[in-house]
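In what comes next, subunit A is part of two complexes: it sits with subunit B in the first one and with subunit C in the second one.
After this line comes the complex of A and B, so read on.
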């Protein structure tokens, strides 16, 4: 008890300290690096709270992919404005205090509301857990995400697609090559890639498969696959294209199509909309979601409408 | 405490010592290369000792193999990123590029 309490208190203090450093730090680059550290410590906190699914999502998406996207954005900022390198791009500092106070009040209110919640046995979580057998999967997180609140998950896919389309709309249209093609590649990079990229595919498929009965699922698996794509485009193995190839267009909307198509099919078959007819359907939808999550994340990082293999 | 627990506690403590030393080196050493030198000791030896201690506590072949895999992957990532950072540092100073 004693030592684990110490660890929890250290984690909580560390999180608050890191968050403070991220928003109030003197340099943008430092803030980005500390944001990644914040995500990793947050993942530890989720693990301590017995929420391994969230811990993995936080580490893969919150720290990993978001960190890569932020670093890429920083690089573009420096390219666009070299003399401002190292300067903090903070907008209006006088907004910081009111926003901080309002956020504090909001967090306090949510905490207070959480304390007023009725005890365990009447909450939605308990109902969902009791009905878990009907979902066909034994991991409660996957069951809730795809069966009990499938509508939310479907809309989340829509949000991801919209975010990608929005980023394309504001992009200049010119594809940027993120790889450093002008300098020779270090010998170790190829060796690293030949080991790590197959591993990301293996881990992604494992997470997808494990999502039915253990921590894992489409979002974590998609983020891991996207990380493989990030590595490949960072090292110039995948190069940007000017237009999105047809296959990649299909992949971008595949998750939405399969999920909503399955939901509509069940509606016309006389069941509830978005209800899934069995475990196989859950895995089918999860697989489609995984690749429809991975591709836009990788494309966002590459700042490109599409990707192709080098030399094609 | 069994002998196994005593040994693994000692290994954990030794691993933590390497992490501590590596972190102090990272914070206190003057330039990129000596900082990397300190950091990779923490990554390689510290992680190895911690994994070894957990292997002893885990008492199963599966756990042992998983921990070995974790150590090897950590080693790989540390080696390559250390190499890249050192190379970048040399190139920025206008020296030879490896």
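After this line comes the complex of A and C, so read on.
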């Protein structure tokens, strides 16, 4: 008991210390890297709080994909204007510290007050747990995401698609070619990729399959696949295209189409909207979600409307 | 005891995020601070939903999982806007040109 408490205190101190370094550190690059570290420490905290699904999502999406996006953007800004690299962009505003402390205290008081509340007898969580047997999945988080709160997941896919469309809308027409394509690459890159990329796909599919009964699911799997896409575009194996190919357009909306199509079908079949007719339907929807999560994330990283293989 | 520790940590992380959001001038820094604030809220939600004497509540976990994906989507959109802003104006701050030298007002 004592040791685990020490771990919790260390994790909490680590989170706060890293957060302070992220906002107050002198170098922007260092802040981004420390933000990724913050995400990884957060993943450990999720594991301590009995939320392994979140631990994986945080490590893959919160730290991994977000970190890659931030670093890519930082590099583009440096490329656009190399002289400004060293600027810190930290203002000095006397209001910042008191407002920060006061809001922190406010959130702490809210949390502390919520901890004093007596636990309810029937919360949505206990109801979901009790009804879990009928769904065919035994991981309660996957059950909630796909069966009990399907609207959240459906609209979340909509937000991801909107973010991608918005990013395309504001991007300028100038195509951005990553500098790696002409540079001769080290001999080991190809060998490493031929090892890592198949493993990435394997891990993604495993996470999807395991999500029904163990930590995992469509989001973690999609993020892992997206990481594979990030790796391939970083090494120049996937190059940006000027337009989104038809197949990729279909893939982008596949999750929304399959999930809402299935939901509408069940509505007309006399059941509730978005209810899923069985375990096979859950896995079908999850597979579509996984693919439709992976592609926009990879495209957002590449800052391109589409991707194609280098040789084509 | 574990819950109190993480509630305190989430409050401190959220406060740090607010502090950073006000302090930062570079938009990338503001985005980092916003993500920290989000992290603090997620941590609070999960801590309050983690049954001390029983299995943790799956509802907050599913909501935070959704929240993480929404956060990365919004961040990616904001980053795309930042790149365009930088291409158009050569600046990565939200201040007007006159404020640039003196560190901006309090707004």
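We adopt the following convention: the second predicted complex is superposed on the first by the 286 of 312 C-alpha atoms of A that agree within 3 Å, B and C clash if a C-alpha of one lies under 4 Å from a C-alpha of the other, contacts with A are read in each partner's own complex, and residues count from 1 in each chain.
In the analysis below, contacts are C-beta pairs under 8 Å (C-beta built on N, C-alpha and C of every residue); 3 or more make two chains touch, one makes a residue touch a chain.
A quick note: this is a predicted structure, and the numbers were derived from the prediction, not measured.
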Let's test your reading of the overlay: on subunit A, do subunit B and subunit C clash or fit side by side?
fit
Which partner chains sit in contact with A:16 here, subunit B, subunit C, both or neither? Use first/second/both/neither.
second
Looking at subunit A, does subunit C or subunit B touch more of its residues?
C
Classify the contacts of A:184 with the two partner chains as first (subunit B alone), second (subunit C alone), both, or neither.
first
If we overlay the two complexes on their shared chain A, which of subunit B and subunit C does A:192 touch? Say first, second, both or neither.
first
Nearest approach of subunit B to subunit C by C-alpha atoms in the superposition, in Å, rounded to an integer.
24
Touching subunit B in the complex, subunit A uses residues 183-184, 186, 188-189, 191-192, 195-196, 199
Subunit B to subunit A touching residues, read off their complex:
73, 76-77, 79-80, 83-84, 87, 91, 97-98
Which residues of subunit C touch subunit A in the complex?
1-20, 22-26, 28-29, 31-33, 35-36, 39-40, 42-44, 46-51, 55-66, 68-77, 79-84, 86-87, 90, 92-93, 103-104, 106
The subunit A residues in contact with subunit C across the complex are 4-5, 8-9, 11-13, 15-16, 19-20, 22-24, 28, 31-32, 35, 38-39, 42, 45-46, 48-51, 53-54, 57-58, 61-62, 65-66, 69-70, 73-74, 76-77, 80-81, 84, 87, 89-97, 99-108, 110-112, 114-115, 119, 123-126, 128-129, 140-141, 143-145, 149, 152-153, 156, 159-160, 162-164, 166-168, 170-172, 174, 217, 219, 293, 297, 300, 303
